[in-house]
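One chain, chain A, appears in both complexes that follow, with chain B as partner in the first and chain C in the second.
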Partner chain A sequence: MSLLEVKDLSVEFPSGENTVKAVSHVSFEIREGETFGIIGESGSGKSVIGLSLLRLLPANAKVSGRVFFQGQDLLSLKPSELRKIRGKKISLMPQNPAGALNPVLKNGLQIEEVFEGNRDEKKEGMKKALELMKQLFLRDPEKLCTLYPHQLSGGMRQRLTACISLSFEPEILVADEPTKGLDPEAKAGAVDVFTKIKTEYKKTMLLITHDLDLAFEVCDRIAVMYAGEIVELDQASKVLSTPLHPYTKGLIQAHPRNGLVPLSGQSPSRIKLPEGCLFHERCRYSDVECSIKHPEIKYYNGGLIRCHFLSLK
Partner chain B sequence: MSLPVLKVNGLAMRFGTSEVFKNVSFSVTRGETLGLFGRSGSGKTTIGRCIVGLEKPTGGEILVRGVDILKMEKKEFRKLRPKIQMIFQHPETSLDPRMKAFENLIEPLKLHSGLKRDALMKRGEELAELTGLRPEHLARYPGHLSGGEIQRVVLARIMALSPDFIVADEPTSMLDVSVQAQILRLMQKLQRETGVSYLLISHDLEVLKNVCHRIAYLENGTITSIETINRGIKI
Partner chain C sequence: MDNSFADKLRKKSFLLPEAYGNEVVKKVFQRKDMLFALLALFFFVGLALFAPLISPYDPNAINLKNKNLNPSEEHLLGTDYLGRDLLSRILIGAQTSLSIATGVVLISLFLGTAAGCVAGYYGGIVDESISRLIDIFLSFPGVIFALTILGALGSGVFNLMLALSIVHWAKYARLMRGQVLSIKKKEFILSAITSGAGDFYIIRKHIVPNAIATLLVLATIDFGHVILSIATLSFLGIGLPADVPEWGAMLSSGKEFMRTAPFQTIFPGLAITLIVVIFSILGDGMRDILDPNHEGGEIY
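After this line comes the complex of A and B, so read on.
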C-alpha cells in the first residue's frame, strides 16, 4: 500500500528574466515500510523534491503537481494543517547536520526543544529520546546532552539529528544526503543506523543521496534523477547492479571501485534545456532520435526507464 | 631516480600537551602523486597545512628544492610560495564570494605575473579552457556554481602560477561520485601536461588507489608504511 504518492511534481525558480526548472513532472510512490532512494548528481533536483514534500522551499518557488499522504494533498493543505504533519508524521533529517544544529545551544536542549507540552511531558519525551540515542549507537547520551554540537564528530552529529527527527515517531523519515562529507568509518556507521531504523523501527524512509553504497545497502527501490527528471526507477539491487539507463551506467562506472571513469561533459543548463533527451549530449549511445525527441518514461522489465536506447525497441 | 620536489623529515606537531603526529617523513618526486591516508583527526590536514606554511610544526624539516622552508626568512618564503599550492576540502569557502569566477581565476596572475591586461585576460581564458570551464561559468559568482565547478576554478587559479607542488586536501570529499571522477581525472591530466606533483590527502582508500603512485598510511600519529601502486603512470 502506498503511504505517499507524488504525482506530476514540477518545481521552478524564477531567476531574473529566466526560470530555472529544478524538477520536471516527477511521479513516484513510497510504499509502507519501504525505503525509497533518490540518487543522482548534485543539482539534479533530489533535495528540492524532499523539501517540496513538506513545503519548505523558498517562497519564490513555483510548485505544481500533487503529493498525497493519508488521503490529503500536502501541497494544498492549510498551513495550520500542514504543521500537524511536519516533523510529526513526516520528518526531515536535513543535509549537513553541522548546519542543522544550533551552535550556541547544548545538545540536550536542542533535543528537548522539539517536545511540546508541560514539564512532565517534556521529561517523558527526553527519556524516550535518550533511549533512542542509545539504540542509535550513541554512547553515554546523558554526557552528550551536556556538550555543544561542535564537540561532536560528524558521525555523532548525524546520529543526533536522526534522533531528533525520529523522536516524534514519524510515519515517514526524509533523510537528505545523510553521509555527505563523512569519513568511511562514519559512513559505515550511518549504514548501520539506517538499517536499524528500517528493520527494528519499521520506518518508511525517503533516502536522498549520492552515496551509492548507502543506497545499495539500505534502499528497497531507487529512482535515478538527471536534470530534474526521473530517468530510471526500479528495485535497488537491479538499478545498481544491472543499470539500464546510460546515465545510471555512467554514475556506477564513476565510482572509485569501478575504475573512476568520469562521465563526459556536464549537466545541461536548467534555464535552457536541450532539445530531445536531456542526457543525449553526454550519452555514448545517443543517436539522431535522441537529439530530436524527448523520451517519455516507460515500463520496461518490471521497472521504469526514460530512454530511446536501442535495447528497449 | 629524479630528485624529490619535496622532502619531509621527522615532522612533528604538538598542540599543548597533545601530540598530533611525530617523526613523519616522506618525499615526493616530480610528476608524482603521493597519497596520504588516515582516519579523521589523524593529522593529515595539519601535515598539509605545515607544508604550505599555514601551520608551524613543532619539529622536523620540510625541504623544497633542497632548502628547509621552516628556516627561511619570510621574504624568501614568499617568493617560493606560488610554487607550493593547496586545494582545500570545502570548495565553497575557497573563493572570494564577492568576485565572479573569472576575477577569482585571474587574481593570482594580477598579483604575481606582471602581465598587462590583454595578456592577463588571454592567459585566464587559456586556464579556463585547460580546466574545462565554460564562459557562462566564468561570468557567475561562486555562490551560483556547483561544487565541481568551483573546484575547477580553484584548479585553474592554482595552475595560473605554474606550481611545482600541490597539497590537495580531500579535494573531492564534498563532491558526488561522477563529479569526483571528473575532478580527479582533470588533476591527472594537468599532471601529465605540466609535471606538477601532488600530495593527495584523503580518507577514501579506493580513491587513492585509483590515482596515486604511492600511498603513505598515517596511523597513531606516525607514518606506518608507504605502498607503491602500479596503476599510476609516472612521468
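After this line comes the complex of A and C, so read on.
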C-alpha cells in the first residue's frame, strides 16, 4: 500500500527572463514501511523534491503536480492544515545538521520545540525523545540537553537532528543528504542509525542522498535522478549491482571503490534543456534517435527505466 | 553491523564538555574597564534612585541670599544663580536623565525590534513600506526632528520621551531588519518550519534570541546618545519644564556666570560626560564579548 504518492511533480524557478527546470514530471510512490532512496549527482533535483513535499520551497518556485498523503493532496492544503502535517506526520531531517540547530538555544529546548503547542504531550514526548536519543547512540542525553549545539561533534549533531525529526513519531521521515559533511566514521555511524530507525521503529523513509553506500545499506527501492528526471527506479540491490541505465552505470563506476571512472561531460543547463534524451550528450550508447526523441519512462524487467537503448534492443 | 557503532562508542571514553556556564559574567570580570564602568553605573543608578533621600536641600528651593556660591561645607558643589543647591539638583537631574533615557531606549528597542522583525520576516510590500518609513525617519537630523515634535507637542517628561523615541526607533528597526534577513536564511529556521512552527513562534524563539546580542550592544551605546540628546534639548530650553532639574538646563543657565561662578557649568557637564563615557565603555565591552567574530570568541 502506498503511503505517499507523487504524481507528475514539476518544479520550476523563474530566474530573470529564464526558468530553471529543477524537477520535471517526477512520479513515484513510497509504500508503507519501506525506505525509498533518491540518488543522483549534485543539482539533479533531489533536495527540491524533498522540500516540495512539505511545500518548503521559496515562494517564487512554481510547483505543479500532485502529492498524495493519506488521501490528501499536500500541494493544495491550507497552510493551517499543512502545519499539522509538517513535523507531525511527515518530518524532514535537514541537509546540514550543523546549521539545523539554533546556535543560541540549548539542545533540550530544540527537542521540546517539536511538542510546542501540545502541553500534555510535552512531558511524555520528552521522555520518549530521551529514550530515542539513547537508542541512537547518544550517551547521557539529560546532560546533552543542557549543552549548546556547538559543543557537540558533527556526528552527534546529526544524530540529534535525527532524534528531533523522529521524536513526534512521524509516519514518514524525509532525510535530505544525512551524511553530507560527515567524516567516514560518522558516516558509518549514520548507516547504523538509519538501519536502526528502519528495523526497530519500522519507519517509512525517503532518503535523499548521493552516498551510494548509505543507499545500498538502507534503501529498499531507489530512484536515480538526472537533470530533474527519474531515469531509473527499481529495487536497491538491482539498481546498484546491475544498473541498466547508462547514467546509473556511470554513477556507480565513478565510486572510488569501482575505480573512480568519471563520467565525461557535464549535466545539461537546466534553463535550456537539450533536445531528445537529456543524457545523450554524455552517453556512450547514444544513437541518432537519442538526440531527437525524448524517451518516456517504461517498465522493464520489474523496474522503470527511461532509455531508448533498452527499447531498441 | 547493528551494534558495531554502539560498541565503538562504549570503548571510547566519551566525554561531554561541561555545560555552558556564565561565560559572559566571567569575561566582564576579566575586563577591568568594563568592571569599572559597571561599578560607576551602579553608583550613578544608586544615586539616582535614592536622590530624594540623600539630596541635602530641596532642588527647587530658591534662596537669593546664597546665589552663585562656590563649593563650601554648606553647599558641597555650590549654588546656582537662584541660590539653589547644585548637588541636590545634579542628583535629581540624574534621576530625570536616567529614567527618561531608560524609557526612550526601551520604547525604541521594542518598537524598532517589532517593526524590523515584521519587515525582515515577511518581506515584499510590507518590507518596502517599513523600510521607506525607516529611511524617512533616519534622513532627519535627530535633534532638529525632536525639536519639531516637541514644538508641536509642548514640553514635558512624557512628550520628551515620545519625541526621542520617535527619533531613535528607526535605528533599531534597520539593524533588526538586517539581522532578521540574515537569520531567516539559516537552516534552523527551515527546520522549525518543517516541524510545524508558526511565524510568531519562529520570530520569538529563533530570530529574536539570535539577534538580541547585537541589539543590546546598540541599546547600550544608544543610552549615552539619548542622555546627550536630552541634555541638548534641555540646553536649548525646549525639553523639560523649568521646575524639573536637568543637567542640560543647568548648563544652559550656568553658562552666563561662567566667569564668576564656573562650577555651575563644570559639575553638570562633568556628570553628562561621565555617564556618556560609562555607556560608551559598556557598549564597547559588550560588543567585544557578545560579538562572535571578535577574537577569543568561543560562541562561534
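The definition used in the following text is that the second predicted complex is superposed on the first by the 305 of 313 C-alpha atoms of A that agree within 3 Å, B and C clash if a C-alpha of one lies under 4 Å from a C-alpha of the other, contacts with A are read in each partner's own complex, and residues count from 1 in each chain.
Everything below uses one rule, namely that contacts are C-beta pairs under 8 Å (C-beta built on N, C-alpha and C of every residue); 3 or more make two chains touch, one makes a residue touch a chain.
Just so it is clear, the structure is predicted and the values come from calculations on it, not from any experiment.
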| item | value |
| --- | --- |
| Partner chain(s) touched by A:P94 [first = chain B, second = chain C, both, neither] | second |
| Partner chain(s) touched by A:L260 [first = chain B, second = chain C, both, neither] | first |
| Contacts of A:A162 with chain B and chain C, given as first, second, both or neither | neither |
| Chain B versus chain C as contact partner of A:T146, first or second or both or neither | second |
| Touching partner for A:C307 - first (chain B), second (chain C), both, neither | neither |
| Partner chain in contact with A:I172 - chain B first, chain C second, else both or neither | neither |
| Touching partner for A:R86 - first (chain B), second (chain C), both, neither | second |
| Touched partner set for A:V48, first chain B, second chain C, both or neither | neither |
| More chain A residues in contact [chain B versus chain C] | C |
| List of chain C residues in touch with chain A within their complex | 1-2, 4-6, 9, 14, 16-17, 19-20, 186-188, 190-198, 201, 205-206, 209-210, 299-300 |
| Partner chain B, residues of chain A touching it in the complex | 41-43, 153-154, 180-181, 183-186, 210, 212, 250-251, 254-257, 259-263, 266, 269 |
| Residue numbers on chain A that touch chain C, as the complex places them | 54, 56, 83-88, 91-92, 94-96, 99-106, 113-114, 116-117, 137, 139-140, 143-144, 146-148, 150-151, 161, 164-165, 168, 188-189, 192-193, 195-196, 199 |
| Chain A partner contacts - residues on chain B that touch it in the complex | 39-41, 132, 134, 136, 146-148, 173-182, 184-185, 203-207, 209-211 |
